[in-house]
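Two complexes, one shared chain (subunit A), two partners (subunit B, subunit C).
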Partner chain A sequence: MKNTLRQILHARNFMIGFITIMIILFAVSIYPLFNQGSPLDMIGLGTFFKPGTYISMYDAVETAPTYTLRLDGAAAKRVEAKLPQADRESMKRWLVAYGIPDEAVNTDDLNDLLNLWNNTYDPDARPAGLTSAFRKSVARIDTVLAGLLESLDVRVYTEEPESGEMRETAQIKDNQYINVSEVVNTRQLWLGTDNFGRDAFKELLAATGVSLKIGLIAGVIATVLGLLLGLVSGFVGGIVDDIIMFFANLFTVIPGFVLLILISYSIGQEQRGATVVAAVIGCTSWVWTTRSVRAQTLSLRNRDHVNLSRLSGHSLPRILITDILPYIASYVVMALILQICSGILAEAQLSMLGLGPKTTETPTLGLMMFWGMTYAAHQNGAWWAYFPVILMIALVSFSLNLMNTGLDQVFNPQLRS
Partner chain B sequence: MKGYKRYFLKKLLWFVITLIAAVILNFVLPRLMPSDPIATITNRITEGMNNQNAVMQIYREYARKFGTDQPMWKQFLIYVGNLLKGDMGVSFQQYPRKVTDIVAASVVWTIALQLPAILVGWMIGNLLGALAAYIRKGFDKVLVPVSLFVSGLPAFGLAVTLLVVFGITLKWLPISGGYSYDLLPSFSWRFIKSVIVHYQMPFWSIVLIAIGGQAIGMRSMSIYELNADYVKYSRFLGVKDMKVVGYVFRNAMLPQVTGLALSIGTMIGGALVAETIFSYPGLGSTILSGISSADYPLISGVTLIITIMVLTMSFAIEMLYGVIDPRVKAAQSD
Partner chain C sequence: MLEQVLTNSIAQGGLCLSGKGVTKIFGMGARRTVAVDHVDFEFRKSEVISIVGESGSGKTTLVKMLLGLTSVTEGDIYFMGQKRDISSRKKKHDYWRGIQAIFQDPFSSYNIFHKIDAVLLDCINMRGGKGLPKKKKVEMMAEACSFVNLKYEELTNKYPFELSGGQMQRLMIARIFLLQPSILLADEPTSMIDACSRATILDMLLNLRKDIGMTIIFVTHDIGLAYYVSDTVYIMERGKIVEFGGADDVILRPKADYTQRLIQDVPKIHEPWDFTNRKARTAVFV
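And now, the complex of A and B:
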C-alpha cells in the first residue's frame, strides 16, 4: 500500500493532473472570500462588457487629493484615441490629392501627420479628383482636430437642489491625475460581463465548482452502482447475473445520450437542479463500470483465497469487500476519475441543448456556454463569454485524464517507457 | 459458416430486443413530463379569445386529434401501429407538418456528416496511435498529451474554436447552415460547391475529437501487443520487422473495432451538439428546436431515429467483427 502510494506520487502525469485540479479547486474556494455576493448578481445593465478595471466616474471626479503629473505624449494619446484610422486615411487622401507625395504622409506617426496637416490644410483649396462631400467630411475632421488640440479645462457643475442654480464644484486640468487605489468604487472585471451582466470571472469560478460537484456526484453514483451490480453479477452468477447483464447489454446499445435527453426533458425545467441533473447523468452511465467489474470478478471468484473464505462461511458482503474489492480497487479508482470527467462533459452537452440545470439557481460551465452561444457572443467578438469556459472544461478534463494515465502507468507496468 | 450464422442470429435477436426497449422508453419518458403541450397549443391559438366554452372546445378537439385523451396503453398501441406505418405523429411546433417529414429532411444531413467524419477520425487515430506505440520517443511524447487534450475537449468546444478562427476571424469558411441561404437544394454545381464549403468545419471538428480518443486507445493496445510473446518469438526467428508490425497492428485493431461499436453512441451524441453550433440542418438542430418549444412528438421522433442509427451502426460493426476475427467464429461453433 505504502509502496503503491509512493509510486503514484512519483508518476509525473498523475502529479501534474492532480496539482492542476487542486489549484483549480483552491481558486474556486478562495475567490468568493475576496469577492463577496452571489455570482448570479446581474451587476451590469447591458450585455458583454469588456474585461478591465471599472472605475466609478462619479467618485473619480470627487476623489481627493489629485496629483499633477507631466507625462510626455499624454495629449497625443488623447488625440489618437479620438482620431480613428479611417479619419487618418481621409486626411492622407486629401493631402495626396493636394500635391504632397504619397510616401511623405505617414498615418501611423500622429505627430508627423498633425504637423503636416496644420501646415498644409487649406479649407478653401479644391484639390482635383475629390468630391464636394469628401471635402466637407475632411473639413469636419479639421474642426474636431482644432477642438482636440486646445486643452481646455473640464468644469463640473452641480445643481443646487433648492434654487436649481448651477454651481461649479470642480475644475479638471488635462494634467491632473488621481490614484486608482484612492477611488472608493472600482471593480476589477477580469473577464468582463456575460449576456446577463454577471461578472464573468466570478461566474466562471462558481460554475467550475458546480460542474466539478456535478461530475463528482454523477461519477460516484455511476461507480457505486456499477461496482455493486458488477460484483454481484460476477460473483453470484446464475439468474441474477442474467438479469443484470440483460439490462447492461440493453443500455450499452441504447445510447446514454438519448436517455439523458429523454429523462432530463421529462423531469421538466422546474425540477432540474444541479443535483438532479448529476443524479440523472450518474444513473445513465453505470454500464461500463458494471461490465468491467463483472469481468474482473469472474476471473477472481475461483481463486483459492476466495474459496477458502467461502468454506469458512463468511458472508457474501464480507467476501466481496475483503477478498475481491482489493484486487479491483485500482481499476475502480481509475473508472471513477473517468466517470467524473464524462459527467462534466455530459452536463455541458445537455446544457447546450437547453436541458441543463435551472439557469436562475446555479451557474454551470455548460449553462455559461449555452447562454454565450444563444446571445451569439462568438459573433459579437465577446471572447470572454465563451472561450474561458471551453478552456476550463478542457483543463479540467485534461487534468483528470492525465491523472488516469498516470495511474494506468503505475498499475500496468507494460505501458511505462 | 454455421458458427457465423449463430453469431449473426444472436446479434440480430439482441438488435430486435433493444429496438423494442428503445421504442418503449421513447414513448414513456416524454409523457412523464409535467407540462401539458396541448394546453400550450390551445393557448397559442386561442390568444385573445375570452369565451371559456370555446377555448375548452378547442382544447378537447386538439386532445382528440393528438390522442392525449385516451388511456396510456391505448396511446402506446396507436403509437406502435403508426410507427409500423412510418408515421411518427404530427409536430406541435410546426403543426400540421408531420414528424416523419421533418426527421427525414434532417437525418440525411446528419448521416452524411457524421458517418464519414467518425470513420475518418477513427482510421487516422488508429494509425497515429500505432505509430506512437512503434516509434515511442519524441513522437509519443507529443502525441499522447495532445490526444489527451483534444479527446477531453467537448465536441462543441472545438467546434466554437474552429468557427471563431476560420469563420469569423479569417473569414475563410461560412459560419452557419448546410448551404448558402440564397440557394435551394438541387443538383446544380453551385449548390454542391456550397454544401462542400459548409461541410468543412463541422466535419473537421468531429474528426479531430475522434482522432484524439482513438489514438490513445490504439497506443495502449499496440504497446500490449508489442510486448506479447509471439512478437519476441518472431523477432528471435528473424522475421522482418515490418511483417511483425503488420501482425501487431492487426491484433491491436480488433479491440478497437469493438471499441468503435461501443463508443459510437457517445460520439454521435457529442457530434449532435457540435451540429447545433454551426446551425447545421441535421438532427442536432432539430432536437434543439424541439426541446425549446416543448414539442414532444418531434423529440421522441428524433431520439428514436438516433437510437435506430446507433443500433444499426453497432450491429453492422459487430457483423464485420464476426467476419474479421476468427476467434468469434471458433467460439460460436463450439
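And now, the complex of A and C:
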C-alpha cells in the first residue's frame, strides 16, 4: 500500500495533472477572498470591454499630488494614438506625388514622417495625379495634426449647483502625471467583461469551480451506480445479472447525449440547477463503469480467496466490500477521474445547446461559451469572452486525463516504461 | 496400532457424504456444456478418498458442488445420511462447519489486503469463539501454527505475499486444524508446491486425519499421489466416474481403458523415457 502510494507520487504524468488541478482549485477558492462580490454582478454598462486596468476618470482628475515628468516622445505618442494608419498612407501618397522619393517616406517612424511633412507640405501645391477631393482630405489631416502638436492645457470646469455658473477647478498640463496607486477607484479586469458587463476573469474562476462541482457530482453518481450494479451483476449472476445487463445494453444502444438532451429538456428551465444537471449527467453515464466492473468481478468471483471467504461464512456485502472491492479499487478510481472529466464536458455540451443549468443563477464554463456565442463574441473579436473558457476546459480535462494515464502506468505494469 | 483403529473405524463407519445422479450443466442451447454427468459416490467416515482425472474432467466443478459454492443442476447430495439443505445463509453456515476445503493455488487463496491473522480469526469466530478473550484467541492461533511447524510470532502482522508458497499452504492446514471439520476437500493441494514441501504437507494432512478422524477427499490428476495416500479411488473422465474402488484394486488391477492410460502416463524412475513408444501411443489417441 505504502509502496503503491510512493509509485503514484513518482508517476510524472499523474503529478503534473494533479498539481495543475490543485493550482486551479486553489485559484478558484482563493480569488473570491481578494475580489469580493458576486461573480454575476453586471459591473459594466455595455458589452465586451477589453481586458486591462480601468481607472476612474472622475477620480483621476481630482487625484493629488500630481507629478511633472519630462518624457521624450510623449507628444509623438499622443499623435500616434490619434493618427490612424490610413491617414499616414494618405500623407505618404501626397508626399510621393509631390516629388519625394518613395524610399525616403517611412510611415512607421512617426517623428520622421512629421518632420518631413512639416518641411514639405504646402497647402497650395497641386501635385500631378491627385484629385481635388484627395487634396482636401489631406488638408484636413494637416489641420488635425496642427491641433495635435499644439500642447494646450486641459481645463476642468465645475458647474455650481445653485447659480449654474461654471468655475474652473483644475488645469492639467501635458507633462502632468499622477500615480495610478493613488487613484481611489481602479479596477483590474484581467479578461475584460462579457456581454452582460460581468468581470470575465472572476466569472471564469467561479464557473470553473461550479463546473468541477458538476463533474464531481456527476462522476460520483455514475461511479457509485456503476460500481454497485457491476458488483452485484458480476457476483450474483443469474437472473439478476441478466436484468442489469439488459438495462445496461439498452443504455449503451441509445446514444447517451440524446438521452441527456431529452431528460434536460423535460425537466424544464426552472428546475435545472447545477446539482440537478449534474445528477442527470451522472444517471446517464453509469453504463461503462457497470460493464467493466462486472467484467472484473466475474474474473475475481472464482478466485480461491473469494471461495475461502464464502466458506468462512462471510455475508455477500462483506465479501463484495472486503474481497472484491480492494482488488478493483484502483480501476474504480481511474474510472471516477474519467467520469469527472466527461461530466464537465457533458455540461459544456448541454449548456451550448441552452439546456444547461438555469442561465441566470450560476456561472458554468458551458454557459459562458453559450453567451459568448449568442452575442457573437467570436465575430466581434472579443476573444476574452470565449477563448479563456475553452482553454480552461481543455486544461481541466487534460490534467484529469494526465492523472488517469499516470495511475494507469502505476497499476498496469505492462505500461511501465 | 493406530492404523488398526482407523481400519476398523472405516469398516464400521457410516456414510458422511454421498451423491446420487449429481449433474452440473453450464449454459443453454448451443453453449450447453455438461461438466458433471450423473455422478454417484459414497464417501465413508475417516476414509481418504481420491478423485483422479485430467484437466477438464469435471473434478473442480464436482468439488464446488460438494462445497455448496455452486448450485447442483440435477441430483441429490446427502450429508451425514441426510439430504443436504443449504437453502438459507444459516444452514450454509452450519454446513460449512462440517465441510471445508484447501485450494490448489496458495498464492490466490489469500486476500492480499488482509493480514494473516484475519484468516485464522475468521475460523475461531466461525466455531463460535467470537466472544473469547483476545489472549485465548492468540493461544489458539499459536497452537494451530505450531501444529504446522510455523511460529505464530513470526507470522503475526504479516501480509500473505510475505510468505512462501509452502508456508501459505501450511497456514491453510492450520486453518483446517482450527475449524476441525468432519470432511476436508483438498483440491490439488500440492500441485503448486515445490517437491520438498509436498511430502510435509501430505503428512500434515494425514496427521490431522488421525487426530480428529476427518474424512479427506483429495482431488488430483496425479494417480501416483492418489495411490500413496488414499483408501478409495474414483476415476473421472469427461464428467463421468468410469471406475472406483479400493486404491489397490483400481491402480494395480485397472479395468477401465482410461485408468490404464492414466497409469501408463505416470513417469517411472526405473524405466528409460521411451520417446518412440509414447509418440505411437499419442497417435492412437488422436
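The criterion applied here is as follows: the second predicted complex is superposed on the first by the 417 of 417 C-alpha atoms of A that agree within 3 Å, B and C clash if a C-alpha of one lies under 4 Å from a C-alpha of the other, contacts with A are read in each partner's own complex, and residues count from 1 in each chain.
Keep in mind that, in the parts below, a residue touches a chain if its C-beta (ideal position, glycine included) is under 8 Å from a C-beta of that chain, and two chains touch if they have at least 3 such contacts.
Note that the structure is predicted; figures quoted are calculated from it, not measured.
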Just subunit B (first), just subunit C (second), both, or neither: which does A:P84 touch?
neither
Which holds for A:R303: it touches subunit B only (first), subunit C only (second), both, or neither?
second
When the two structures are overlaid on chain A, which partner does A:G73 contact: first (subunit B), second (subunit C), both, or neither?
neither
Just checking: does A:L311 make contact with subunit B only, subunit C only, both, or neither of them? Give me first, second, both or neither.
second
Please indicate which partner A:G37 is in contact with in the superposed arrangement: first for subunit B, second for subunit C, both, or neither.
neither
More residues of subunit A are touched by which partner: subunit B or subunit C?
B
Of the partners subunit B and subunit C, which touch A:G147 in the superposed model: first, second, both, neither?
neither
Go through the superposed model and pick first if A:P326 touches only subunit B, second if only subunit C, both, or neither.
second
Partner chain in contact with A:L402 - subunit B first, subunit C second, else both or neither
first
So, in the complex, the side of subunit B touching subunit A is made of residues 14, 17-18, 21-22, 25-26, 29-35, 136, 140, 144-145, 148-149, 151-154, 156-157, 160-161, 163-164, 168, 175, 216, 220, 223-224, 227, 262, 265-266, 268-270, 272-273, 276-277, 287-288, 291-292, 296, 299-300, 303, 306-307, 310-311, 314
Subunit A residues touching subunit C - in the complex, by the definition given at the top
303-305, 307-315, 322-323, 326-327
List the residues on subunit A that touch subunit B in their complex, please.
249-250, 252-259, 261-263, 265-268, 270-271, 341, 345, 348-349, 352-355, 369, 373, 378-379, 381, 383, 386-387, 390, 393-394, 397-398, 400-402, 405, 408, 414-415, 417
Of all residues in subunit C, which touch subunit A in the complex?
64, 67, 69, 89, 92-93, 96, 100-101, 103-105, 108-114, 119, 122-123, 126
